[in-house]
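Two complexes follow with subunit A in common, the first pairing it with subunit B and the second with subunit C.
Entry: the complex of A and B
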């Protein structure tokens, strides 16, 4: 009956209050953004919009979807995310399955992968490599460099290790090959792990902007995050030397808000469906026996 | 033990092969022979291509008619009329990304573009050191058209950052004195209170006091104040929401954060006497509620929202700022903004402001052989500024201007195919802004004096809002208050180490004094510490740079005397 004591009740009121505040802290910025995207320019530049649109209009959305650059960037981002996640997951499951077995040199291989987690060549060598491989200005420059992530690999390997060996042996006796075992036994059984890692990769691809700006010399090939970076962040205008056309484009806060809002939607929509695997995926994958 | 030796064997094999691979890839050499283009009747045949780097926000504003970065009305014009094709091969959005990409290009992983606009003095310096940019002393002397020479002659100091050992490695992008700042005041508030626009610091104080205490908007609430400005990044923003006028009222030409040429010796404005009096004034005003309460957290662009909302009565900025704050006339009924010159200093002299002479410099790939072609193209870009030739009115009909019923118009909504906004040349050419020779607003001054608007530049100026026009006219009439920064070289060695700390200390001290968190005497302590903590060495180095930069008479070498 501990939950009837005063101390417990005070604690749980505090808990509710805290969770509500934390929830609001996450939700209100989004609401503010939505209100801005539906407000008139004059009201926004006068700082008069908080959580309810002032001077309601949907121009910003019309302009956003009429902007071919925005739509192109959206398409690039979707292609990149789908392609990148598929390639990554293919490599990771194959590698993860193999590395979850005992074989000679396994630790050395693992060590190599972990090494890349701790040290990287840095920007210049990566750039030279991508340029020399002729990947610049193609979607492959966005997809390939990060396709194999050691952190995700470790999660998957540990997940695969939790699957009983006996299962695999039984399958061998029934005549299954490695690939059949991987696709028919390991993948379905480790769905939480796969979902978690996929979500990591997807969100990573969706949000990554720097590589887009770095490797694309044509802004029409930018993915959405790079596009937004140029529109939203850069216009903070630290520098006083800017062109008049940039100054003119500045004040369109409602369009920026609409673009940010639209761009967060897909990931918000995907999240609930994958989120339920999350706890299981990470905990199971991380705990070693 | 066995395992460990295995591992080292593998590591050494990997490293060795990496070295081998890296060594091999250097073997190839580029030996392309371009067909010789000949300049015939002002046109190259066969057409030649000039590759350029560009810092541009490609997503701000848009191309019309399905055009793109490398295929638009201006690139096609260049091909058809000059036989010169401009191709952007390096594109960066904001300053830091652009600089990063330029630095990466310097690694030699790809060909450096022929023409490099560079906006960072440190990078200018590094480019010169790298030996990958062209020395253009001779080229300027030989190929620069006379019309451009006349312009560059007026701005010899713009060459300072690109001179090394008496050799010139670049040139300013379209040098031209920028417009000066004006005071934008709520005229309806002045009228309501029967006041005149302030011209001295005392009058200024009276006006902002009245704006704060006497309910200028007549709503019966004390919800207005006098003066909004930004103190987030520096007390000399140089363009909008600038409080520098108050400092200059006491320090004259020694502006905060700026180097002033005092008879051949450069001094730093923030530590000058007089700043203390200015800070005392601001501190007093802040305590009385005359100033923007959040001035230290609001950037230049944020500080104007109080004005747009109808809470603040005075803001200072370049004349085009009116465009950005005129929404107040929509938000608040009866609101009206007027432009006035900035106030006079305590000694009766004018107050000064920082100004720019150019936005970055052009540098060139050392393998670039077609300087003549570059100058031919660059000179044509100036046609719009001089209202001559192909670009008499603007760059392209239906893009930045149009002719409707035999009248030239710069209002995009009145075009034959109405546009939301004009498409400026910035998206199409290698300069961010249209090259201008209008200075701080000469054309507006002419217009105000009754000159008929018959050239492109004049028509364009006449199409602006009246308040903007007034602002530019005031800016031109007071052009003697514009002070370009005397130091425009790369950060000196000591600067690289301590400058960040010094400016942070400066900013914190100024802000704390204004907010009343520290006594006024903190300024004296700051000055003392500033000198001790590296400021003295910086002053020495800056002067050394200045003497060195003005040592060789490069202007004569370039035939620009």
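Entry: the complex of A and C
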């Protein structure tokens, strides 16, 4: 079917090499991180570690898991992710199911929701609102403000719309309630969509760092990503204004690497299983022709 | 139906429309202890200040430059990569490459910044390679104002190109194979097939994505810049969002910060509406 010309064959070899390189480029930095986390301090400062641990040891992981701040932050992140995803999915599936039907005022309501995607109060008004509601320093400040996302709603609405009406009508005649229709017909049939949106929300909660820094006045209440932000990024900014001895006293590179790696691990582990869903989910939910 | 929408409605009213009331602060000399009702009204003074403060105008210029470069590179790279990847026939390699290139999208900017700081540092991996090959002095990518924007754009492409490819790959997969067969019979080479079959078939999708990205022209990526920048590169790296954060929450100019934020949201809103109109007109795209 394809022209087996020399030119195409040469292109093909280059293409294979290039694509494999591109794939590796997305993955090697993480491998480098893993290698660092398992290497000895001397090997890292001597710049000897690339993608394989030098002076193998797991001290960094022992120290990471003995760090009560790290564990506390991990717990906050897990709580937040579970709580946040549950609440969001409840709100979104209810509204998404309703809005996939035609009813009076549906378009007005839809635009009311979509408008939040186009325009927002911004940083300071949101901050003042959260403070005024007394949510500051509680986990609710991390969970509630982002619970509703218009983009995810659109994905779900588009998904629910692809399910044939006849199924619902048949179930209705058989005496099924709305709740039964939603849970027995819509949810299973739109699993790719549900999985995609849940994955986005979960990853969003797990990775979100700024709200933690903004709404938690005490660093011990930070979720994992905010904790890492202070350890990894802020310490780097400070190190530029520090003397050598101060830099040496800061957290070692191997510990930083271990902390980053542990925090990334859930994503790396969950993602291959959900990948087949999200590709389908995005394409079906976003592309309509 | 209405009952099912109540939870969403309540949340939106409180957490999305609630802060919009706070936008009134943009027209005030806001003092936290006086609140919105007690603070002094100063009309458009805060907005005039945006153009008087050198730092603020600089932040707007930086935002535009960074965002526009990101949009251009962020559209071209995924298209090219999708076409190249679709030329790969070995399904095992194709799937593995796909899995790997999607991955960075799911990493937090904190994580990526951690990686970047390490890899782009003076004794990091990239400098290691560059000094080997070119024998130059190590380059400090994150501390050099001239290189900072470049670094921001490249790291953004690294993180997002795989994910951006998804819709293009789906479009290519949806092209009717008989087009290729017909082109083949007419004697088209593989390159001509890409040019006359693949690209035209992708065009509607490319138009949709390009027009929609117009709305992001004032969004240079707070998460990324905040985690990568430092005082050394404020001159070229400070964007509207990071400037709002520093001038308002750190320096207490709430009214002014809100005004800058409102300025940005207002222009973005107009741009987004325009871009949706264009996408609808030229590619018949509808959001729902």
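Following the convention adopted for this analysis, the second predicted complex is superposed on the first by the 262 of 289 C-alpha atoms of A that agree within 3 Å, B and C clash if a C-alpha of one lies under 4 Å from a C-alpha of the other, contacts with A are read in each partner's own complex, and residues count from 1 in each chain.
Operating definition for what follows: a residue touches a chain if its C-beta (ideal position, glycine included) is under 8 Å from a C-beta of that chain, and two chains touch if they have at least 3 such contacts.
Given the structure is predicted, the values throughout are model-derived calculations rather than measurements.
Of the two partner chains placed by the overlay, only subunit B lies in contact with A:220; subunit C stays clear of it.
Touch criterion met: A:229 reaches subunit B and subunit C at once. In the superposed pair of complexes, A:6 makes contact with neither subunit B nor subunit C.
Subunit A is touched at more residues by one of its partners, and among subunit B and subunit C that partner is C. Contact with subunit B, but none with subunit C, is seen for A:69 once the two complexes are overlaid on the shared chain.
Once the two complexes are overlaid on the shared chain, A:127 sits against subunit B and subunit C alike.
Using the contact criterion defined above for the overlaid structures, shared-chain residue A:108 touches subunit B, although it does not reach subunit C. In the superposition on chain A, A:47 makes contact with both subunit B and subunit C.
Residue contacts after overlaying the shared chain place A:22 against subunit C, while subunit B stays out of touching range. Residues 47, 123-124, 127-128, 214, 229, 233, 236-237, 240 of subunit A lie in contact with subunit B in one complex and with subunit C in the other. Residues 1-3, 5, 7-8, 11-12, 15-16, 18-20, 22-27, 29-30, 32-33, 36, 47, 50, 90-92, 94-95, 97-99, 101, 103, 106, 109-110, 112-114, 116, 118-129, 133, 144-148, 153-154, 157-158, 178, 203, 206-210, 214, 225, 228-229, 232-233, 236-237, 240, 253, 256-257, 260, 263-264, 267-268, 271-272, 275, 279, 282-283, 286-289 of subunit A are the ones that touch subunit C when the two sit in their complex.
Contacts from subunit C toward subunit A in the complex involve residues 1-2, 4-5, 7-9, 11-12, 14-23, 25, 32, 81, 84-85, 87-88, 90, 93, 96-97, 99-104, 106-111, 113-115, 117-119, 123, 125, 128, 143, 158, 162, 166-167, 170-171, 180-181, 184, 189-190, 204-205, 215, 222-223, 226-227, 230-232, 241, 244-245, 248-249, 254, 257-258, 261-262, 264-265, 268-269, 272-273, 286-288.
For subunit A in complex with subunit B, the residues that touch the partner chain are 41-43, 45-48, 67-70, 105, 107-108, 111, 123-124, 127-128, 131-132, 136, 213-214, 216-220, 222, 227, 229-231, 233-251.
The residues of subunit B lying in touch with subunit A in their complex are 3, 6-7, 10, 25, 57-62, 68-70, 88-95, 97, 100-101, 104, 107, 109-110, 119, 233, 237-239, 299-301, 304-306, 308-310, 320, 323-325, 327-328, 330-331, 356, 359-360, 421, 424, 426-427, 432-433.
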